[in-house]
């Protein structure tokens, strides 16, 4: 290949820059030209690309966000926009595309692949909810950020005898909630995968108060049955031993300097994506399975397991008692 | 004095523990017994106190929250509860009280003083809105926490071409907003002290977009005319170049390990409070003015200046252009 | 079992407290009494133990160091001291022992096992150099700490056109160096596993200067052929394009709040250690292999792989060019 | 003025970038051209300057180091080099110079001033040892970094019953040592301003051990009578209750994202420096005195006070007991 392009799509995730850097330098090493596409698929539609150099990607490894921009692109759902995009890439001499993003981005990438244009997807989403891979770029960092916030919130919850509800990201996966909740010793973790009724929450609070704890931390995925606001109201309307407050971590989970493991994963996946393109692969996902990089056909991905393994669940139950 | 008591009241602030440690050790050095009152003035009403030792306050310097608990106390607003509290303290041999907290706590402390019981107040509130003192315990840390969050949010705002509204604490003072906003180079800072109309916000956004910026960060005090939610709606309903999102930092601003300057201020103020009691002072505030500790009569405090000094305002205006 | 004991031995590692908490609460859940042994095996020799309660281990999850103390114990190398230790434990009704530590600690634990006393070892060492397990408690945190330090050092190296040598821990393993070096984009990583001659270092520096970089970061394991001090001298005596400085990260790598993954690993391993004791196992290591907890006979452990996988090495080579 | 230049000289300090940004944008607001001089005074000697734009200084506020480079310049000590530098500036149409740096940089700046070229100095040095100003850019951050390191070191010192010596920067001033030592509750602080004999150190260690402390933290300025290495040896050779280890924080104190107060100070000082140039001032220092920016003649600066105020000293003595 003489030229490739790289884009980040969907929500940004810490480590995307490390991946852009790796893709760029791996392609340069093969003497190819590298184009960065601005703002995801919309940069293809609007024909906004810029050439990436080795110096141009220096010093971005440790930064959150994505220098290329990211985001969704409605027009790309239309066949004509996709065809024009591929034509645009071909006219510029581009012969392969790396897409960094989550589930929606993978769908967009596969549409490009179906048009006969070589494309490889790298999983980048803090939610860690993509099928086929044990880990997506950004998830480690999001867990660290959430854990540090919960550590802080426990200080203030303890000082005021409170139930503190912390709403973390994860519409379809409880990954961030489970990992940050176990890591911070949260008293309760509510996820889409493991629903619980309100009485269960109340009973657990009562039992915890009996054990003499001054706080009751609840980590709540976006995908849980209630929002933080709603759950706080429900707790405060009933007769519970702790007064509830809630905090929504929000966009801070996306930003900030990536954790070591995200930078390493992103670097390795970026190099693997370029390798895959040069090996003639297309319509594939670069995945992490049992501590190894693997290249999987993107149309046959199995769903990842519940973030709650049996061992982890038991460890949480025992140690927060 | 043979015995004193210490309590933290109102919202907790990082550094309160450092102050409790300093009060305890300064009183022990004078061979006095030290009692910690639980959960603010309500611990006086409910007679929940525990003896503090030098070892007992070891290792709390670097922790947020307050080991004594904090919080408001409705019953204390009644004269009878206050009289009973003072009687309780006297019966236990306590001869002086240190109160750590904000404006409301100072009022409670002054009521105790009026009953003839020696009491000294130390300013502890992240809002930094107390009259008489340039700095309250916790404010430095809150600014650091807010600034770090804004640094993170800029990454993700830039990746998505967004106006990101960050709501920080400060019902009556823009201190946290001004300091964290200048420190993070936020494009706009909205505070109770300096109202601005919506057209002003829109014009600034338009001008910023013209200069080619990919993000527009607005730091918003609680006390501003709109909430983060409302302002985001107003921006998105009008024809603006950035799509707005908002994040409420919330309780994370209160917690976490205190910044160096808060630990030092809290340590010095705690020692000064004990000194003041031994010098026979009561009804006074330990204050920080122009880099020195001073002891002020608490009933004659002048309001602090606007957090916006003229120089600072100009520096912000010029450097965010 | 009616009572067990737990000790931490060798150098402390962040996450040891999380493990002590998990061991304690898992044993309490089985209605056993839990004894904490002070300062490693020397607490057995000197008969210094204290009972651990659920409240007593509250709030230690997020702290570095080890509340029990750690450290080596010369006397324990003598058979008589070991026999007396076991007699002491039996007299107190203790029926099982959990040892948290590295290679040396495992040897001590196996000596106890050979005396017929049930003992289970949990790997805790920042060096991540224990056979049988992919990960030891503390290694993730050490990598994060080293990476953050290198991020800082790059700022100042760049400002001064310098070769900055960062000496990290790892006498027998390059794990910390490799992971933190790849994560921070260090130009060169020197480890015990992959020796390099001085000319190789110089050539790489010359090539890097040609590419226009303002800094040259070398991450150096303790176990590398030179110390940081020596390598800096060798670089400065020869004719090299960068002036070298060195920094030894030292003990800061051991301390501080554990990373999320260390807390989770430590929690799971602690529970698994108690499970193993109750299942009648002894002379075993709780290990982490391919994302699962396994229990291995401690006398048949295979050495872990080189921290340099082929993929990782290639990724580093390409992306730092 | 139609054009000015800005340079950073001596050791880099966190916040220098914030100052470069402020100088640039303040001069641009006055419609002047701004030149950045590379690598301090040597960039003047070697005629390496580049034009700075508003976009070019975007996003540098939160980064350590200095985008312009810094460092000392031997040739500038010669009169001829200085004259050529001024000629070079004049030929390029530059009419004023802002120098950011410490004592040595101020001397260089004054030499330029004596040649009739307008120059204003901004204090930037983590040591905080410049006469005339209460605070220099970078000092707040260095204190925070040192304090966080000491927090970490305490964990591991406690686990091993150790005296941990932490050597921090400050050849002529104990500022970093005093502030980080008080903030972290270090048992002893050794500075150039307040020498202590070895017997004093030993007595304090013995007394501390009697009080039951598991660690003894000594913060040591570079300018103290012994190095960390030497003091550890002296302690271990004598009969002391703690085994000593030492750590030299080194260059990490210089790097990393600047603290909020350093960013704000740097921003305000940068704007004030440009104002001073436009007001026709030269040979002056922008200083911080009692919470205000002042402009002082650089040849009549009084030495700053001992970092040990009496109050602070007493607070430290009492609270570490």
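We just call them A, B, C and D in the order they show up, numbering each chain from 1.
Throughout what follows, a contact is a pair of C-beta atoms (placed from the backbone, for glycine too) under 8 Å apart; a residue touches a chain by one contact, two chains touch by 3 or more.
Not measured: the values here are computed from a predicted model.
In a homomeric contact, the two copies may use the same or different surfaces; for chain A and chain C, over half of the interface residue numbers are shared, pointing to the same surface.
In this assembly, the chain whose C-alpha centre lies farthest from chain C is B. Overlaying the C-alpha trace of chain B on that of chain D calls for a turn of 180°, given as a multiple of 5.
Taking each chain's centre as the mean of its C-alpha atoms, chain A lies 28 Å from chain C. For this pair, chain A with chain B, the centres built from the Cα atoms lie 35 Å apart. If you average the Cα atoms of chain B and of chain C, the two centres end up 39 Å apart. Residue numbers of chain D whose C-beta contacts span two or more other chains: 151. Chain pairs that touch, as defined above: A-B, A-C, B-D, C-D. Those residues of chain A whose C-beta lies close enough to touch chain B in the complex are 8, 11-12, 14, 16, 39, 63-66, 69-71, 145, 148-149, 151-161, 164, 214, 245, 247-248, 250-252, 254-256. Listed in rising order, the residues of chain C touching chain A in the complex are 21-22, 25-26, 29, 54-55, 58, 61-62, 134, 140, 143-144, 147, 151, 179-180, 182-185, 211-213, 257, 259-261, 263-264, 267-268, 270-272, 290-293, 311-312, 314-316, 318-319, 321.
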